[in-house]
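In order of appearance the chains are A, B, C and D, and numbering begins at 1 in each one.
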């Protein structure tokens, strides 16, 4: 394998499909969001992508069962609308690999007639936020303003966007595809279901539809409870040690 | 040389051959096992593989004699069965090189009609184990259970498998080849003949044959004796220093 | 995208055009100079260059608007003379990428009939220089002497020249293009408008024309005032602390 | 430039030519030897090699004059014998680049009918040796013994040989070219003219000819005198400091 290879498994005729990207990255937000779509929409797999720019591992899916690292393209429907979902185990490990894989996906997107791309991901802030995080967007000039006028909760993002989420939108422009990065603020080191929920809510708003996010909501709650518990324990421990210090100073005093 | 090059030396007609991989890696297990097969089965070399992804060294085989780094494919027979052995001086140094060399080997395997691949290697535990180490396997779903029912001593492995041993099985699947990584637990920093013996015993069990492992057994024993001697010396030294400490405390007391 | 891609937007017929290079590098001198030419000459964009050897980011031009990293070729006129300006967001990130992008630019330059190339950049000295910095040049044998005889303020440079500014001249020679690196001395860690002004003055001298450098002059003055202010503050602080030390020694004494 | 490019300047008809390699490496031995051959034999340049795997610098040959990094092939005669000399500014910076450039040189060697290759270099010992260093050789089986029987001062070398000197011989074997690495022991961090002299004397012995090595001999002597001077100064300084210590201990005593 000299180059990235796309193995097409099915070629349904699609009407004006939308491409949604969600790969592992900051806070795993894009991957969690894509996984949720796959879990709830039960899509059909159209293609697998193998690349010499993926890590030279194989994954062990369950004990004793292996498979190479890959990216995948699924086909689902949200209402009447055809959706392609690009997800996978990994992003490429080299700069050149990023460009190569994105172009392979764009070839496929072009083949199926994609005109619009939404990429989902996290925007690291290094801070833990309680409640629903802010969602930021980057796309072509004027797009964010337009969405906000329609009542979509999204703010214009600054800073460069590293990796697939930015590159698929940036290079898609040369194929006449318009696109938007939908990025949720996230801590960066926590697996962030709440942020995945946030980007999917924004996506649903843009598509003018509803998505069942119950699962993500539950997982996010469990994480938040775990974090809250951890915090209470830490505070209690701190409290105890402060009490002890006071007692000791009382004895000493 | 822009790409990996396969130099085919012989093209015998083979009946349903099996490919066995053993390259340098964890505990040198795969390489030791492949070397043992070559030493005992006295196979014929079918092909050499050169690659710009191998280190840019040449090896000095004996003093004053040099050759470039290479991989090799041998042909042997175990009973009536045709066997291809893939071994060599090195694994590739880049991610992309791993994919490229594995594909070259798969091209060759396809040409000779290979349907089944066994890759041999070590699974690092960081612990020194006395006696026969556990053998772990990874392959397609259900394979490990099937083997265990037949009485093969193998357990399902977890974790990712890095390098050629995993990749040849993972990418072989796309060519309709079924395969199994046979990995022996090994310390990781010791050259482990015992582990090589273990993977070959498991391989023999799977193939329903016997392999003469006397040489490996002897080398393993010598290593174990050397390690036991080292341990006794270290214990004796520790004992002496403890005795001395007690004597000193007695004088002081 | 396996390779660097040139997207040609316009193909005007040019008469004996000159190529001027100014990319980000030492002190940002080349980029500042190219940006100034683009700002004042209001050229037309002829081509965009995308490369898998550019960083795998996308840039956010203004909040909420993104585009991939790129290089650009512009067409302007200085008097009657046709000028091509090569600038962009970045230089390639790999050694091989440097050669690839330079060759793409040379292909384009050849197509438009370029015979002469001037590359603009900084020459790091690690020292802050007040007033106009020295301009150094490197090209083919005898060129610097010839220019100096014509009264151009330029000295022969030593040392290797890393990156696009050197490579475009070096590799252009094989296409029969003569060229000159015009490098201004610069600190190396300061964004240096004064150095950009210096290289453009030398370029204007060589072209026998005038360039409006008012903007650069103003920006350079502002930077110098900021640096002078910083210096006065640091001196005042030092003075105060010396006074205090003396007073303290007086009390103690 | 995607790939290494060979620019052939002249194509004389040669009779059974020998290829001699000398590139920058350990102790600069190969390069010094090749430079000496070029200086004394006054050969004609046949080809230049440019490569995207060379550093992305340009060199400044003399102040104000630049050129890209390159390798070169020269044609000379030693007596009646046709000689090709491969030298240059640099070895490639990547593993893959090493293989690519060596294959380009072998293509050229094949074109000119080369059957024999000698590569010249240093073999780092980390020790400074007075007088003539030992010369080591690596080639095909039996070659070193054969040369020693003929009275050539050469010993069989061990250890891997990194870079062009080894690779040209190793990969040349696949083109039916026999070869020998001629390596002189060298410190490793000193520019070693004496070692260059040693490898050329051995080469002359093998070719059954004489080479004028006066220049190298003189440069080697100057280096040795400089080192001897340095050593005497260091010993004198040490002596003085020991005397002082004794005097001080006398006063104190």
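We adopt the following convention: a contact is a pair of C-beta atoms (placed from the backbone, for glycine too) under 8 Å apart; a residue touches a chain by one contact, two chains touch by 3 or more.
From a predicted model like this one, the values you see are computed outputs, not experimental measurements.
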Minimum number of chain-to-chain contact steps, chain B to chain C: 2
Most remote chain, CA-based centroid, reference being chain D: A
Interface residue overlap between copies chain A and chain C, same or different (over half shared): different
Geometric centre distance via CA averages, chain D-chain B, whole Å: 39
Centre-of-Cα separation between chain D and chain A, whole angstrom: 55
Chain-level touch network, classified as line, ring, star, complete or other: ring
In contact (per the touch rule at the top): chain pairs: A-B, A-C, B-D, C-D
Complex contacts: residues of chain C adjacent to chain D: 3, 95-96, 98-100, 102-103, 137-141, 143-145, 155-163, 166-167, 169-171, 173-174, 181
Residues of chain D that touch chain C when the two form their complex: 1-2, 7, 50-60, 62-68, 93-94
